[in-house]
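In the two complexes that follow, chain A is the common piece, with chain B as its partner first and chain C second.
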Partner chain A sequence: MTLTNTTRRTFLTSAAALGAAGFFPGGVGMLRAQEGRVLNLRLDGDNSILDPGYMVGGTEIEAQKQCLPFLAEYVRDGDTFSWQPTAYVTRLEYVDDTHIEFELAPGLVWSGGHGTLKASDVAYSYARMKDSEWSGYFDALETVEVTGELTGTLVLNKPFAPFIMVTLCHGPGAIVCEAATEAAGGRFTTEFPAICGPYTYSATPGQRAVFEKNPEWTGPAPGFDRVVCHVITEVQAAELAYEAGEIDCTELGPDSLARYSKEMPENTAITTAGQLQYMWMGMNTQHPKLQDIKVRQAIQHAVDVDSILAGAFAGTSAKSHGIVCPGLLGARSDHGYTYDPAKARELMAESGVTGLELTLRTLNWQERLLTAQIIQANLAAIGITVNILPMESGPFWEMGMEEAGDTWQDLELWIMRFATVPDPYEATQWFISGQVGIWNWERWTDEEFDSLYDEGLSETDTAAREAIYVRMQEIMDATGAYVWINHEPETYAHKTSIEVVAAPSGELNYHRFKPV
Partner chain B sequence: MSALPSDPVVSDTTATSDALRESAGRERREKLVRFLTDWQGVTGLLLVVIFFASAIFAPWIAPYDPNAMDIPARMSGPTWAHIAGTDQLGRDTFSRILHGGRVALYIAAIGVSASLSIGLVLGMIAGYGPRWLDNLLLLAFDAVRSFPAVILALATVALTGPSLTVVLAIVILTTIPSYGRVARTATLALRHTEFILAERSLGASTGRILFQHVMPNVIGPLLILAAMEVPVVVSIEAGLSFLGIGVLPPQASWGTILNEGYLVIRDAPWMVIAGGIPLILTTLGFTFLGEALRDIFDPRMGRGR
Partner chain C sequence: MIPYLTKRLGLAAIVVMAVLLLLFSMLHMIPGNPAILALGTRATPEAIAEYTARMRLNEPVVTQFFHFLGNAVQGDLGQDVFSNRPVTAIIAERIGFSLALICTGMGWAVLLGVPLGCLAAVRPGSWLDRVTGIFSVGMIAIPSFLVSIWALLLFSLELRWLPAIGAGEPGDFADQLSHLVLPAFAIGLGWVGYLARMVRASMLEVLGEPYIRSARAFGLTPRRVVLGYALRVAILPTITLIGMGFGGLISSAVFAEIIFSRPGVGKMIFDAVSDRNFPIVQGGVLVATCFYILVVLISDLLIAWLDPRVRSSL
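Here is the complex of A and B:
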């Protein structure tokens, strides 16, 4: 143990030196530089599964981007996004419609003595993804041919131009270390079996996740030595922390976005990642109370989405007409039902159902609870009693999964939001027949939808592709299982002294943040 | 012995009885005067009366339906139309506060009376029963007291989901030991008194001794304790609702109003103020009232005036 003896004289000397440093421009700069090496951010919850095959997404993808290799990454081009090869590759290019060749950068080392990053790790990672919960991202991938220690070819089973943007740039495109993952039993949860990236990762549940500079990393140095992500569940609490100077960047809730837009706090800038989120109220088509499509259609007609946008989202988000977000191929300007309480009552009368009582489950977040209360009032107007059940994120994200228990059998209504990537294919994958009991909690199947999904993967004509995704959303409308709500923008308030880098779906990429 | 009016013994007894009655009446008057001259007691009583009245008559005095939405008027500041402003869904905050008082009253009334009754019975059993039972019940009381109410609530809600019933159960469970311990101590003090020994020697059953002779002597301090526990119970409910594990939307409670207000404190500060004031006043009211009653009925435990 080392003891430090601080005498009164040494204390005064140190204090005077620090005070003097503050008086000089260089001194201030020095102090700021010290401060600038640590980036304080917010996590909306603990990362529970870091394995790309079984993650929930969101901040887990953020962690993967700091610690695991990717072949490609998003790059912002004005208001749109494109892609670029990452520092992990020296070459990544389409050689024809179905072949993407890559060459890894040499000398990138896995932690824990697992050797260097090899093309075989890429092949291993993507092969296991094809059998994972995120397999939809790899439907277009036939195989990965390893042609050398650092080289290989991604072979697609059909031409699919968005593959790099949709899959390789996003969380499922993470590459894991074959040796370490196998040693860990083939799957992992809260710890990476091996890392190869700019930062190391450690987490204290309920408190923070810390990313420290990886001493073994030989790629480009990140902008900050240390990134501390504090677990702050409520976005409003995070905003308070931001305004108090405790964190450097936070997502903004709708009310704060409206307020910031009117009056921006000092030294603050806003970065909007994108509008690639879609929120809806889902209905379990197999639940005895909701098996009658007339009841579901009545619910569709009864919900006043405009009131939700104004009341719960302060008018800061775009109205949704389906799962394809604004600006993407297949985005619609209307949908197959309207807010019409009289029609809703008529449908309820036709169904013959009276005294219906339903449970609406939602995350225990303010906007969701406000949304739920408006829906509750709307459905009360047509004689349906809705009980709101607020839930923590852990049980919420498992409730429709058959593998996670029996809650899926009791699911009636829920408010859900998914993030997506800049291609409509990604959003549709969660609703095919194979996803029933995984992410298709509405539990309907449709052969036409499934075949259109396959067609959408291989169709290269833009107009035809657009027609496919419009039709798929029409099929979803017709199930009566969806009330489309909104597309929330992912908006971040941050200090003007940092440059924020976010994926179009909102995940932050800390190692690409830069002090300005 | 005859019981003629001229009988000096009877005459003496009547005189003694009258004197006792007069003494008791004088004592009651003195206590009432003491209470009425104690500003804290009167303030407490006034606040408690307001709390009860506003909660009971909320449906008639609330200017709006507490759940009626008026989204265009969301987060409006206090005006004559909405004296405490509106919330995110344009609901009248004042009406929600009045109806929130009903939740507080419901929890306080049911929670306190249930925990008092259970605590009283368990405490008397502990104080009068065999040693092993006393030790067992004390252990149970201490175990419950040592477990933080919020943690217990979180664990329960994880299993059952949030609801008013869960809040009530938590309130009852966590406040039983307070009553139980007081009842036990008072019963222990009475256990070897002459009138209890006399009853026992006459063959009275344990139930009769406990409920006819011990309970009337034990209930007084418990009622004073109950008055002082009400704000604790109201705070537990508000705290759990604030954390989102109490009442379910759209039901208004002071805790949910505070929670919703805290989330928009920079845009609509009146919500937190309006939600906090009744909680503070109710807590003060019951505390003042309880302390004043304690000073009067149990001066040894008083504020040392």
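Here is the complex of A and C:
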């Protein structure tokens, strides 16, 4: 046995060499370059619950898309979104309004010796989803009939046109391994009990999640051998990391999007995933100060939305014409009022209301406050005094709910933003009569709107559905309770050497990324 | 020494209780339903009810407090709201990163600040003293988050010498070390100034003492007088300052951990507050408080050990 004597001199020499290795700028990078094609991305927090039934959402869906089977996936068709069957199925089609048949691809193996992917896994997964925290996505599903080892039929309890787009393509549509999930006690959190996808998954909490090529995967090969997702909670920190070359793709905030649009960093491209958020200023139609529709219409005509888009959002978001977001069925290119201060003053004069003072409530976020200030100036021009009330998210999100107290009675104006899914039905559901006092804080009801909502769910003809959602937004315009503001995009900056694939709601799908 | 230690431990327990009570009160004063805040605005009534029952939110605050305290004494700090993982395990995963950052930040500050203070005191009024004075005040005045951003922009974005985010590849010591440099520099810079000023002031006072004049009269070398006699006494208030500084660095580290996206207890608490993940907030604050009290206690004991006058006054 040879003993190595460590003298003070050898210690110092070793420490210097170690330090030099660590500080040498190219050292680590060169080592990494030898490991194969590595994609470095951002994760906005630790994945807490990977179980599709109990997940929080967001990046947990991203992880599921790499490791669990799905029957359908989003595909972009120009400016609109549609769906296509995934590599996990050889067939997925509507046979009638309430039956969707599928056939799984043969030979796809679950990890951990749990056998192949079977139709019974699909039935098990969707049955447990009906009892989960995401059960709302499966309200329309009656059952999954297993007709063979690889074949089955999704039976809907009523015609529900958006089922594939909203449920099967999205996170809740993930399929878990029945045997492995039951062995894990029926639920799981930070580890998949079994995977069947292009990548394996491991995570170091607070630091990273790593996706490695799954050696058992026989489907289409992913574009990268390894995907390292670094936990970076702050968007601005992620942008700096991107500019330092440490990650290959990151989400951009509105300020950075404007900066990048003016001066694009070298070898950088921008991809917009979708614009599935809609912001508006709402008015309480039952409030004594706003009961007169002429006052509400005057406010609609008085707000200069173009100034808001330029001043508060640096021109990075799309002007809104209703609750249906761009790219979706029923999205409009115009709406029922225009910015016309003269018309607004005329309407105020007709109403006979003078010296009106209103309170505008908003979340205390920078762009919302800027929006509120512009609205304040616009309404001052027609003689309405607006007091801005910035709020924390806690009280803000329950101020219109009757069960949360009496604040709903004092609500006058507020700036609101909802996120939605790639089908117009979801956005319309919050404004039906049953939602008054829950999410319909404008507190109007309309029988035609309610019946159109039901028709939209079951209508399968595209043109007819489009007409339904356009009409529903016209009804909303006519209440005078809305000033449509914008649709903020989910935007990603990435190296030109990679092609980014994201769901309309912004979740990245790493295995569909390609090196260019 | 034992009565002193007993008294200090008793005081520490009272401080921990007071901090937890304050924290509990603050968390329950946040407007809005904690269940909706944690689960999101579209949470189902069943999920809200389940969360409320699981977190004992329907019980009186005092009951909740004593329940938490009872479990904490047994090492159970509860479970993460989202992942259901034990809070102790989550803290254990991160505390090493915080300790590494705090110790490195304070370590380099001590290594630079103490000699600078000594040199300035030995040659008062010299150019070295003046330059040290100017730089010390400058370092103290610049907030650590500003240093973090500046260091990141310069060394990571512009020069690309050092990494911008994370704690380095697990198992790769050199990589982890390179990821530690900028955050440790950022949180330690202010402390270089504090320590230099403190040591200088103490040294000037001690160097004027009669026993130092006697030592010089006995013909001891200036180096021996300064390092062997003056610094040993002058360092005592500095040790207290370093002890308190470790506590202060926990909060400075939060900014560094956020800006450099480093895992750590500070960032964990920050994220948990954003997510309304109250068990993590409570557990994290408890651990940070205990750490602070422990470090201050150690520094007090160290002073008592170094200074016989303190020992005799107990």
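Keep this in mind: the second predicted complex is superposed on the first by the 273 of 516 C-alpha atoms of A that agree within 3 Å, B and C clash if a C-alpha of one lies under 4 Å from a C-alpha of the other, contacts with A are read in each partner's own complex, and residues count from 1 in each chain.
The rule is short, and it goes like this: a contact is a pair of C-beta atoms (placed from the backbone, for glycine too) under 8 Å apart; a residue touches a chain by one contact, two chains touch by 3 or more.
Predicted model only: the values in this text are computed from it and were never measured.
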{"item": "First, second, both or neither for A:Ser458, with chain B first and chain C second", "value": "neither"}
{"item": "Which of chain B and chain C A:Thr445 touches, first, second, both or neither", "value": "neither"}
{"item": "Touching partner for A:Ile49 - first (chain B), second (chain C), both, neither", "value": "second"}
{"item": "Chain B versus chain C as contact partner of A:Ala312, first or second or both or neither", "value": "first"}
{"item": "Touching partner for A:Asn364 - first (chain B), second (chain C), both, neither", "value": "first"}
{"item": "Partner chain in contact with A:Thr272 - chain B first, chain C second, else both or neither", "value": "neither"}
{"item": "Touching partner for A:Ser393 - first (chain B), second (chain C), both, neither", "value": "second"}
{"item": "Chain B versus chain C as contact partner of A:Gln286, first or second or both or neither", "value": "neither"}
{"item": "Touching partner for A:Glu234 - first (chain B), second (chain C), both, neither", "value": "both"}
{"item": "Chain B and chain C contact sites that coincide on chain A, given as residue numbers", "value": "234, 392, 395"}
{"item": "Complex interface listing, chain B residues touching chain A", "value": "67, 69, 71-72, 74-75, 88-90, 158, 161-162, 244, 248-250, 260, 262-264, 266-267"}
{"item": "Sites on chain A touched by chain B in the complex", "value": "234, 236, 255-256, 259, 307, 310-312, 364, 366, 369-370, 372-374, 376-377, 387-390, 392, 395"}
{"item": "Complex interface listing, chain C residues touching chain A", "value": "30-33, 36-37, 41, 43-44, 47, 80, 82-85, 90, 93-94, 97, 152-153, 156-157, 160-167, 169-170, 172-175, 177-178, 181, 258-261, 263-264, 267-268, 271, 274-275"}
{"item": "Contact set on chain A toward chain C in their complex", "value": "18-19, 21-23, 25, 27-28, 45-46, 48-49, 56, 133, 135-136, 189-190, 204-208, 230-234, 237-238, 240-241, 243-247, 392-395, 397-398, 404"}
